[in-house]
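Below are two complexes that have chain A in common, paired first with chain B and then with chain C.
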Partner chain A sequence: MMKRVYAKEEVCIGCRLCEVYCAVEHSLSRDIIRAYKYEQPKPEPRVTVEEKEHISFALQCRHCDEPLCVEACITGAMMKDESGRVIHREEKCIGCWTCVLVCPYGAPRRDLSRGKVVKCDLCQSTGREIPACVEMCPNRALVFEER
Partner chain B sequence: MSYVVIGNSVASVGAIEAIRKVDKKTPIVVISDEPYSVYSRPLISEYLSGKVGEEMMNYRDSDFYERNRVTTKFNVKAVSINSRTKRVRLKNEEEIEYKKLLIATGGIPFVPPIEGRDKDGVFTFTKLDDAKRLKARVESFNHLVVIGAGLIGLKVTESLRQRGVPVTVVELSNRVMSTVLDEEAGRIIRSAIEREGVEVITGLTVEEITGKEKVTGVKLTNGNRIKCDAVVIAIGVIPNTSLAKDAGIRVNRGIITDSTMKTNIPHVYAAGDVTEGPDYLSKGNRVFPIWPNAYIQGKIAGYNMAGVKREFTGGIAMNSIELFGVPVLTAGLSNVEDENLEVLKKSEESTYKKNGYT
Partner chain C sequence: MKSYILPEFKIKRDNERCIECQVCVRQCAFEVHKVSQDGSIYSENDKCVACERCVTFCPTKALTIEEYEHYIKDNANWTASVQRNIWKQAETGGVLLTGMGNPKPYPIYWDHLLLNASQVTNPSIDPLREPMELRTYLGSKPESLEVEISGGSVRLKTKVSPQLKLEVPIMFSAMSFGAISYNACEALARAATELGTYCNTGEGGLHEKLYKYADHTIVQVASGRFGVHKKYLEKAAALEIKIGQGAKPGIGGHLPGEKVGEEVSRTRMIPVGSDALSPAPHHDIYSIEDLSQLIYSLKEATEYTKPVSVKIAAVHNVAAISSGIARAGADIIAIDGFRGGTGAAPTVIRDNVGIPVELAIAAVDSRLREEGIRNRVSIVAAGGFRSSADVIKAIALGADAVYIATAALVAMGCHVCQKCYTGKCNWGIATQDPKLSKRLNPDIAAERLYNLVAAWAHEISEMLGGMGINAIESLKGNRLHLRAVGLTKEEMDVLGVKVAGAPLS
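Presenting the complex of A and B:
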């Protein structure tokens, strides 16, 4: 069993702060002002708030047990690590977007400025225990737990 | 006794990774007539263009075989299968007994009987060594003709163009990528190709490759001639079934399997481009020569070989590829004219979207 991020749509107000904090967390400077105003390429969030009328929730990689993105990746950039996380090794990504095509959740995003895919790594690369989106959500609309 | 896998590409990796999820002990032997650890075949065009180096071609980490306790027999061809004694014979006379066998011999380039196809300067493009051969001579080409404007033909064209080689593409059908793209999408890609200075000729093919020992030109079906010093034949890939056929395994276009990826012969499975497996959209079987399909079929075969019953729910044609700067995503029957389909289309400046529903 592994911990994953789950959304509570009943308390999500669609403020998109999770996107902001995710982008900052994965930026070079990890500073909100510098990341957003000066970094080139602009850091991309790995979480998307899906929104329609009064329903909204944040969606990121589900770290599937049998991830289609890993099976379909033509370069081996996508892999499932020992802990169960689906990890994207950007240095091996050539931007063919096959994972974008096959992911049933629409989780991998295209970072067009770098020609590579970006996706949630549960903040493993940044050394956080609890992902930034979960910790920074003002409404506690995201939880990080085993289910 | 071992699990034996013939072929060392993505279907083989899918099988190895599945087997090792459920059986950590039984030896696995992988046989390949290529000399390399598993590499990303689709990347050979990026290797030719220089976008990726050889170290980036590796599909799995360098400890892959060791970590999965796989014995490798590289650079040696499997020449026959004896399903009665359950043995595979290699070119170097070695014989390997199998508990379960997976045939993952992939595809081979289809080369039609064009006159002059044996001349020096005629290439196919499906292996790393093909890319190396082309790369070694790329500086010397003044003009090159690619026969076939399918995925492989256009990828090799793009790479050669990036290396500065003038290229003409000759395609028999009336548009590029005709198996997956409709006319409008075909036009978008064609103009992207032509923008890069590549000549595209459709509705014709090469009838003869001319020259003494070396290629000096081609003659088209309308009698026109093009001067060139090299030709890449990229008409298509066909299942590499000879080993299976000789062993009495049932083959149509590809090796026919059931939904567990088993062939008609006990203990023998098949996966990947060599296979005609169940089709998701029709009741029959079909060859799906694409990477994701090969992995998934390999995985299903691996589980069943190791005694865990899993079924392949059927392949779907799908592809995502960037051609001359244009990302192209297709899935399912992306190019059928069927009045029972409800089709939604949207064309904007630089994007074209089409969805069909039954």
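Presenting the complex of A and C:
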């Protein structure tokens, strides 16, 4: 069992602040204004808010038990680590977008400026205990828990 | 017709800070912020209502809303807002509508009343070290109590009328499902339950999902009788007959059909999309005797197990009316002052009809005492309570408890922009739009309400302790603990308070 991020669709307000704070968290400066206004390449969020009419929720990598992206990755950049996270080793990524094609959730995103995939690492790389999207959601529409 | 109305507000965007994340664009239901074709963001000032949603949610605090200062030739009579209202009416021919309570600068008597404290001759009490009783019972109290003592045990012989037990003398005032969102109703019910107090359904009926909070719910029976059925009366701790509302004394209510969706329709028992019109009077109440009939019908229907409250707006003859209500058999009289809020009211009525609740409380309490019937009813004061200080002063003037609503809304996020009647509340409170109402997470809102009332209760304990009083009951109607500053002799006479510095006798 591992903790994952779950969305509470009934209180997601579609503000997309999770995307903003995710991008800032994974930026170089980790300062919102610098990250957005001055950093090159531009910081990319690892979470996407899906929205139709009044229904919205934030979607990020589900860290599947049997991840198709890991199976499909031709360079071994995608791997499942011992804690259960699906991690993406950027140095091995060649930007072939195979993971993007196979992921049933549409979680991996293309960072076109760098020609690499970016995906949620549950903020492991930034040393947070609770992922930024969960902590910063203004309406508690994201939870980080074992289910 | 070319509109002469100029924007009220101006949005300033600090482009040094704006990261173009478009949170403002997504959060504004009034469509103030827009994305242009080249991807840049711009704002249309004339649509802004100053609800501050975008300002609060902007992650870089790049936005500020300012008053749009148009140059209006200096005139104390024909001010910018007077001219704006005239233009609106000249362009529409309609009644000016508004929301929330009276914003005009009438005297706020709370701010002219000061509380007493103990010094030297009587000890003050530290509520953190000694017990402090805020519990209040609302309902009719007997003339006298007879007890039977036998074999070391005491038994109450007098039959006491049903009472509402409040752990804090603060309840949530009537706000209907329809005027406010389901999530707001749920938050109020949950907070009332956790606090050991009550929320009030208003005239919106009670949603089935809220039946579980019945023990902390007061259900209202108003002139439109919306949502009133047997189960509704059963799923309540008390019943309230609404005669009037402080924000709009003498007139009825109107929930526009756009706000009547599936859920509201079922709860109110009216067709989807139909306007819910509450008549100005109850068509079966034209006298105190008629009122008495309804009070006893409701008591009969609930087998005399629940107190019945009658809510009226504070008007000129409030004391005599209250005496009639007490004699008609009500257990509680709720008096709503002219600063009480509303989801929609004609501006001219909200701003010009009714009297301040401070004067009304004092007048009613004095009158009922003079007539020797004060014990028969509890007085609940409503209408614009802003802080624990207002609450404690109301109790010293003679109220048993107070109703808060605007303060509760503000705690949940309301910024008093007064646009409740548009149904576009950006804070998810005064709206039935599913996209907007989900903005109010009932978990967060209930927590904020709980915190507010808990904080006020704490402050009331501190102030009581300072006066050397260890139970809120002992302060009730104890106007010697109040002193006036800056009031006329006549005002002090009505309030029954002495000027600051005057001796005790």
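Here, the second predicted complex is superposed on the first by the 147 of 147 C-alpha atoms of A that agree within 3 Å, B and C clash if a C-alpha of one lies under 4 Å from a C-alpha of the other, contacts with A are read in each partner's own complex, and residues count from 1 in each chain.
Definition applied: contacts are C-beta pairs under 8 Å (C-beta built on N, C-alpha and C of every residue); 3 or more make two chains touch, one makes a residue touch a chain.
None of these values were measured; they are calculated from a predicted model.
When both complexes are overlaid on chain A, chain B and chain C end up sitting side by side without clashing.
Looking at the superposition, the partner that touches the larger set of chain A residues, chain B or chain C, turns out to be C. Of the two partner chains, neither chain B nor chain C is touched by A:Val143. Contact with chain B, but none with chain C, is seen for A:Glu71 once the two complexes are overlaid on the shared chain.
Touch criterion met: A:Cys96 reaches chain B, while chain C stays clear of it. Shared-chain residue A:Ile13: touches chain C; no touch with chain B. Once chain A of one complex is fitted onto chain A of the other, the partner contacts of A:Leu59 are absent, as it touches neither chain B nor chain C. In the overlay built on the shared chain, the residue A:Ile130 is in contact with neither chain B nor chain C.
Superposed on chain A, the gap between chain B and chain C at their nearest CA atoms measures out to 19 angstrom in whole units.
No residue of chain A contacts both chain B in one complex and chain C in the other.
Within the complex formed with chain B, the chain A residues making contact are 68, 71-72, 74-76, 92, 94-98, 100-102. Residues 16-17, 19-23, 26-27, 57, 59-60, 428, 433-435, 438-439, 441, 443-444 of chain C touch chain A in their complex. Of all the residues in chain A, the ones that touch chain C in their complex are 10-17, 19-21, 32-33, 36-37, 53-54, 138-141.
Of all the residues in chain B, the ones that touch chain A in their complex are 14, 40, 42-43, 46, 51-52, 56, 58-60, 291-292, 295-296, 299, 318-322, 327, 329, 331.
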